[in-house]
Amino acid sequence: MEQLNNIGASLDFYIFVSIALFSIGAIGVLTRKNMIVLLMCIELMLNAVNLLLVTFSTFFGNGEAQIFVFFIIVVAAAEATIGLSILIMAYRNSKSIDIEMFNKLNG
Amino acid sequence: MDALIIIFVTGLIGLFVGMLKNSRLTLAVISVGLIAGFVSMYHINDYQSMFQSYQGLQFSRTQHMFALLAIALTLVSVLLGYTYFKEDEEHTSDYYGLMLFSLTGALCLIGFSNLFMFFLGLEILSIPIYVLVGIQKGNALASEASVKYFFTGSFATAIMLFGIALVYGSTGSFEMNEIQMAIDMGIMKSPMLNIGVLMMMAAFLFKVGAVPFHFWGPDVYQGSSNAVMAYMASVVKLAALFAFVHFFNFTFHSVTPFVSGIILFAIVVSLFLGYLSALKQTSFRRMMAYSSIANTGFALFAVLNQQYGEASLWIFMIGYACSTIALITINMIVEKETDDIANWKGIGYSNPFIGITLVISLLSMSGIPPFTGFFGKYLLLSSAFSNYLPVVILAIIASLIGAYLYIRLMVLSLSKDGEGHKLSINPTQTIVLTLSLVGILGGWLVLLIK
Amino acid sequence: MGKDMLLLTLIALPLIGAAINGILGKRLPKILVGSLATIMVFISFLLGVTLFSGINGTTIVHLFQVAKFDDFTLDANFQLDSLSIWMTLIITGIGSLIHLFSMGYMSHDEGYHKFFTYLNLFIFSMLLLVLGSNYFVLFFGWEGVGICSYLLIGFHYNDAEKGIANSLAARKAFIMNRIGDAGLLFALFMMLNKFHTLEFVEIGKMITASPELYTGIAGCITLCLFLAATGKSAQIPLFTWLPDAMAGPTPVSALIHAATMVTAGIYLTVRSNFLFELAPTTKDIILVIGIATTVVAAFIAMRQNDIKKVLAYSTVSQLGLMFVALGMGAYTVALFHVTTHAFFKALLFLGSGSVIHAMSDEQDIRKMGGLSKLTPITHITFLIGTLAITGFPFLSGFYSKDEILAHAWMSSPIVYGILMVAVTMTAIYMFRLYFLVFHGSFRGGEKLKSHVHESGLSMTIPLMVLAVLSVFGGILNLPGIFFHNAGHWMSTFLESTTYGLNQIKPEHMDGSQSIILMCIASAVALTVLAWAYITYVKNQAIAKEDADMNVWEKLSSNKLYIDEIYQTVFVQPILWLSTTLAKQFETRVLNNGIFRLTSAIEASGNYTRKWQSGFLASYLFWMVMGIIGFISYYIIKSTFWN
Amino acid sequence: MELIFLPLILGIIAFFVPTKWVRPFGLLASLSILAVSIVHLMNFHATDYVMLFNPAEAFPLGLTFKMGYDGLGLVMVLLTNAVILLILLANYNRDIASNAKFTGLTLLMQFALLGLFTSLDGILFYTFWELALIPIFLILYWFGKQDNNRALFKFFLYTLLGSLMMLLSFIALGYFSPSYSYFQLVQANFAGKEVAAALIMGGILFAFSVKIPLFPFQTWQAPTYTNAPMAGTMLLSALMLKMALYGMIKWMIPIGFEGLVYLKWPVITLGGIGIVYGAIIAMKQKDLKTLFAYASISHLGLIAAGIMIFSLSAIEASMIQIINHSIVAIGLFLAAGIIEDRLQTRNIEDLGGIAKVAPHFGFWFAVVTFISVSVPFTAGFMGEFILIKELFTAHWVIGLTAATTLVFGAVYMLRAYQGSMFGPSKMTVFADLTWNEYAVFAILAIAAVGFGLYPQIIIDFIKPSIKFTQELMSGDLTLTK
């Protein structure tokens, strides 16, 4: 009960943190050219979401969100694997992992 | 629910059967599985299923219709892909497996009743597609396409999740009806909810490929193979659009009026950008990608239509998907080393069956009666007519440009120069063309069923 | 056989003849074709005579109802009364004579059967015109004769050198007539809207019942009717087609452009007398135009060198004279002149035809001369015709002209004066023509002279018959002063049964005055005769060449430049408009405008494509931009809209 | 129902008929269809309203697939079948007739037209309206000049734009009437919403005026005609344009009557302009087909203006004129086609003296020319007579404008005829008419004279159906002003 109130008092703080995390990830996605870094930035965004969800679940005091977080972690893992494999394939085709290299398809 | 499992298991079996390197057998197994799934989905309410207790998936009447359509379209895409897949001896079954897994995702996305199922469906739908797009290992374009699709896609996923989190934060539940109740209680003005909804909408717009989240479309469609593109253009778009409409017609229906401005903007820009950019394309698949952006613009009218939205969307999608599949099949038949539109010159004149098919599908695309494409557009526009007249008029003008696009293709492919230039059509392709013709000609008759 | 059956057969016979000739004419021998056509017309003439003998009052024959509209019906009815039967007699009588003449005249033509088909068709439509009991049927005939005249003027359309000219003349005639027809149509419309019927008798009844109701509309209607009349009867301003119409074969000129069709306008006016009586203004206009036409035409005729052109302009002038009569309300007088004019003008044309035939298609009088010995019969008959038209005492023309002049004198001396000038001019050009053709020395060269020969019987018989008629035609309507009981037989006959005419009593003047007038007229004729004889026979004067003409002669020989004026005022502007519209508006504005638009739309695709740069970074950037846009939309909306 | 679907079935069969049997097949097919329609005529009484397909229950979104015909519809049905037969007959000695595609498309076209003339449901009407566009488009594209894409696109997009406007209007009509059934649409009440009605009817009118074409929308016509094959031109001008005029009479006037007060005079004015404009441009045209195209602009302007008068006799007259125009169109374009076949040119200046070489052709061309300048004894005269009268009654200025067609018509038609037929002969050999061309001309002439002497036969069919429509419309409104 006590704990819940603390959370309630500082809920905004958690939200801001996760928003900040999310934005950092997004900005990273926008600015970086290295695909691996991009991948990590996206992971970062997902983790921001996780944090947010956990915060809310504690705030509402029901476990659903935390289960959801597990889902997200699993999916994130799957995505990471797929992403890395795609990355490797792309590297095979054009000896580079710089996204600037991929602009044959345009117009 | 049974259908889901049948399809998923069929996918697994398919993977194993694939080891026998017998493409016919694999196709047979997959098709049987899909048909079985279709049947069980058709009779979903007629028998007591052992998974009845599970509440995560519930198929109302419209959801039921959409699920059936999704399975049918997958079957068609599988048949369409057959000739292409079997060339790749090693991984023939991978295509089928991935498609079927993605179909399970699509079914979840259609039948979901809480955000868990929704999110899982979305991911199960998307991840196999990332693979399918890039499955041609040696192909640089394919890998580029899949890279672009993967990164934009996962970025959109992140946004979607953030939106979900915010919605959960403001409503305190993952159950659709509870969320709806909570919103209707009167928190529809709360910033957190609205921003969450807007973020989810952004992700949706990405999935359905509408402006300004459409960029992946042309590149991915061009980079991927015909079969995969057909699947994406039909099933993926269908599932995503349905989820979009479902959210904004039921769960968020009290927020929808507030965000309608954005949707109208997306509609108009998608329509014009899609058709105008398509005018100047030389690659067929790229042109189809742009036209699919424009068609998405039409489909988005369903989001604004609380009453008939889903029904109209169904009719529209059956018309759009069938014509797209037919055209892609024809493109497969005519495609030489590139998918240049010039290959189409005169094919329709010398091959009557192809000619009739492409004429009908193109006319249906350009919204000329009595084809399903027309009725779809008609339903969407007529319901939007009273509230959003200016947008409807803009849409009409855009569809005129679209008609110009399609008629130009029709004229090209019907030109007499193709005299005597015969094409060989495989039986599966014939089946696909016939099925899609049935869809185009007869799809709208569903209107008459009470 | 009842009256109505007789009438219908009378109308049908020429049509049947036309049908037979048209279908089988090619295979039949020429003599059969010609005689069939002639006999058909002649039989209907005989039928006409029988009907004429038994005429009493007005009989309407109902054939069938053409169409029934919500507030009026259109019927194919025929009317049998003195006026219509009189015209019928003229048409069929003279028609059969001219058919006979054509059998000889056209004998060398390859389009023989076609010619007679057209002639019969013409007779048929002319009969429709005069026998119809309402303006609707009349209009059918009206247009029908127009078509036939078109076909017959352009009969030699594929002639090597004159083919184009012929067909152009035909076109001109048709189009000018079409202008007149438009007028007639509008008259019909106004009548339909006012009276809801087109039957002569019913309209007449309504008007006589309450004239004051219709004075206003009658003015408009009569003006339109008169426009139509100017078209058919070649009055100013629509008279220029008639001289060109001489491109047709001579019998055609005789039948259509002298005896019958051109008098349709007079017939129309007489028919609608009850309307014209309500419209004094129109009558004045008619009077003025009639006078103008008669003078102008006579003036032009004086220096024409084509034998047929002279006769054509004299026809126009005579028609003008008739319209003068109409303008003064002397309907029967006009009809009397129509009759006599039909006699002597047909005679003159046929005579000229015989001359042309003899001269092997040479029409220029400067090449003729001294034909009196070579073609005696033609000479005599032509002389009679000339005397008749110049109003030589006690010939038919003398009486009819004298009637008109008398009325003119009573209406106003000025009109009389002008008419006298016209009459004098008529005498001058007719005698000039006669003397230049038949007297003096032959100017056509020896080679031509050797071919000159008198025409065959089939051509001379009509000449003689018509000559007789032109001499004694006056008996029909002798002035009262000589024979009080037989006087004005024709006028009384016409007035007796024709609707409306019996209200209008043109008074006949007392003896002394009329005798004076007659003396003046004959004096004029005789003096001119003497003068012409001296000029052309004694002094052997021949027609001047254009070079040494004075202004007046130039004006006359160039037809007052009226054709040129019309060309510049009406034709050229329209053609210019046509080209300009087609080039500027149609092509440049409409057509290219559309294509500009489409190409602009197509080109805009190139710009929209640019957005799709192909760089993943930009895609992600725009996605973020989108979200930011959404959120800002939310912020703005939530702050300002509630 | 067989009336509608026989052409469809035969048309589909036609695609698979072996080449040497195609000509007789096409002829027999159209004959049988005509026979069927004549059977319908036999059991028809002028006051009937024959329902071909009349589902009892209403479908969602106001779709009622009602089909049927009254006198008006039946006249158009007969006209269509007769004209198609004549077109196939006229082409019988040409290569095009032995092309399975052509015959099939023509029969499909017939199907669409019959559907249009018998549909009693708004959406159905629109459907057939669009459907008719496709076969003609393919005919023009496949059998027209090779380099005709531009003209073709102009034609297609122009008409498509029109029909999209029409679609908008029909969607809007859905808000004023419980269903799209013709009878309920006619009873739709716009009282107090005249402007809305005017806008809706404006949309429909736009589609019609593109098809007719009314004055500013005619730019697609001339190039399309000149590029089209003879048969295509005939189909276009003898049948497709009539769709629009029929639509005006049957759909536009009864449904949107309240709104038409705003449209009446604009349309009449445009029609009047069209009459003069078409005639004046036709005067200097060198290409026979172009000339006839502008001539038909002039004629149809008259008909359209007449229809907008709304008076009973005007509409009867315009029906007569519609039939007459079909006759004229077939005749003139057949003549042009014959000249083009024999001499490979349509330019008047290169022609001349044909009548001397080919007298029969000369004669029949003359007959058609006279029919088209609407002299008495032909249907055209009756039509123009009443139409101009009605226009004159409405306002004397428009009457005067319309009457210019009498003179101008004579000017350009005679110029065309004399320029090509008269004068010194410019060619040595010109094959005279073949039996089928002869037959077509003869039939046309007989029809024209027949209707010209007894137009009552048409009026008897039209009048009851117009009256019936008047009764359908709410009481205070009637067609006669």
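A, B, C and D label the chains in the order they appear, each numbered from 1.
By our rule, contacts are C-beta pairs under 8 Å (C-beta built on N, C-alpha and C of every residue); 3 or more make two chains touch, one makes a residue touch a chain.
Since the model is a prediction, treat every value here as computed from it, not as a measurement.
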item	value
Per-chain Cα centre nearest the global Cα centre, belonging to chain	D
Far-end chain from chain D, centres as C-alpha averages	A
Pair joined by the larger number of C-beta contacts - B-C, C-D	C-D
Gap in Å, rounded to a whole number, between the CA centres of chain C and chain B	79
Euclidean distance of C-alpha centroids - chain C vs chain D, Å	37
Centre-to-centre distance between chain B and chain A (centres being mean Cα positions), rounded to whole Å	27
Geometric centre distance via CA averages, chain C-chain A, whole Å	100
Shared interface positions of chain B, touching two or more other chains	147-148, 151, 155, 218-219, 404
Contacts with two or more other chains, residues of chain C listed in rising order	598, 609, 612, 614, 616, 620
Residue list for chain D, restricted to those that touch at least two other chains	153, 157
Complete list of chain pairs which touch one another	A-B, A-C, B-C, B-D, C-D
Touching residues (chain side chain D, partner chain B) in the complex	15, 59-61, 63, 123, 126-127, 130-131, 133-134, 138, 141-142, 146, 149, 152-153, 156-157, 160-161, 164-165, 167-168, 171-172, 174-175
Residue ranges of chain B touching chain D (in the complex, touch as defined)	349, 352, 359, 363, 366, 368-370, 374, 378-379, 381-382, 385-386, 392-393, 396, 399-400, 403-404, 407-408, 411, 414-416, 447-448, 450
Complex contact set, residues of chain C against chain B	598, 601-602, 604-606, 608-609, 611-612, 614, 616, 618-620, 622-623, 625-627, 629-631, 633-634, 637-638
In the complex with chain A, residue positions of chain B that touch it	115-116, 119-120, 123, 127, 130-131, 134, 137-141, 143-148, 150-151, 154-155, 157-158, 161-162, 164-166, 168-169, 172-174, 218-219, 222-223, 281
Residue ranges of chain D touching chain C (in the complex, touch as defined)	150, 153-154, 157-158, 216, 218-219, 222-223, 277, 280-285, 311-313, 316, 353, 355-356, 370, 375-377, 381-382, 385-386, 388-389, 392-393, 399, 403-404, 406-407, 410-411, 414-415, 418, 421-425, 453-456, 459, 480
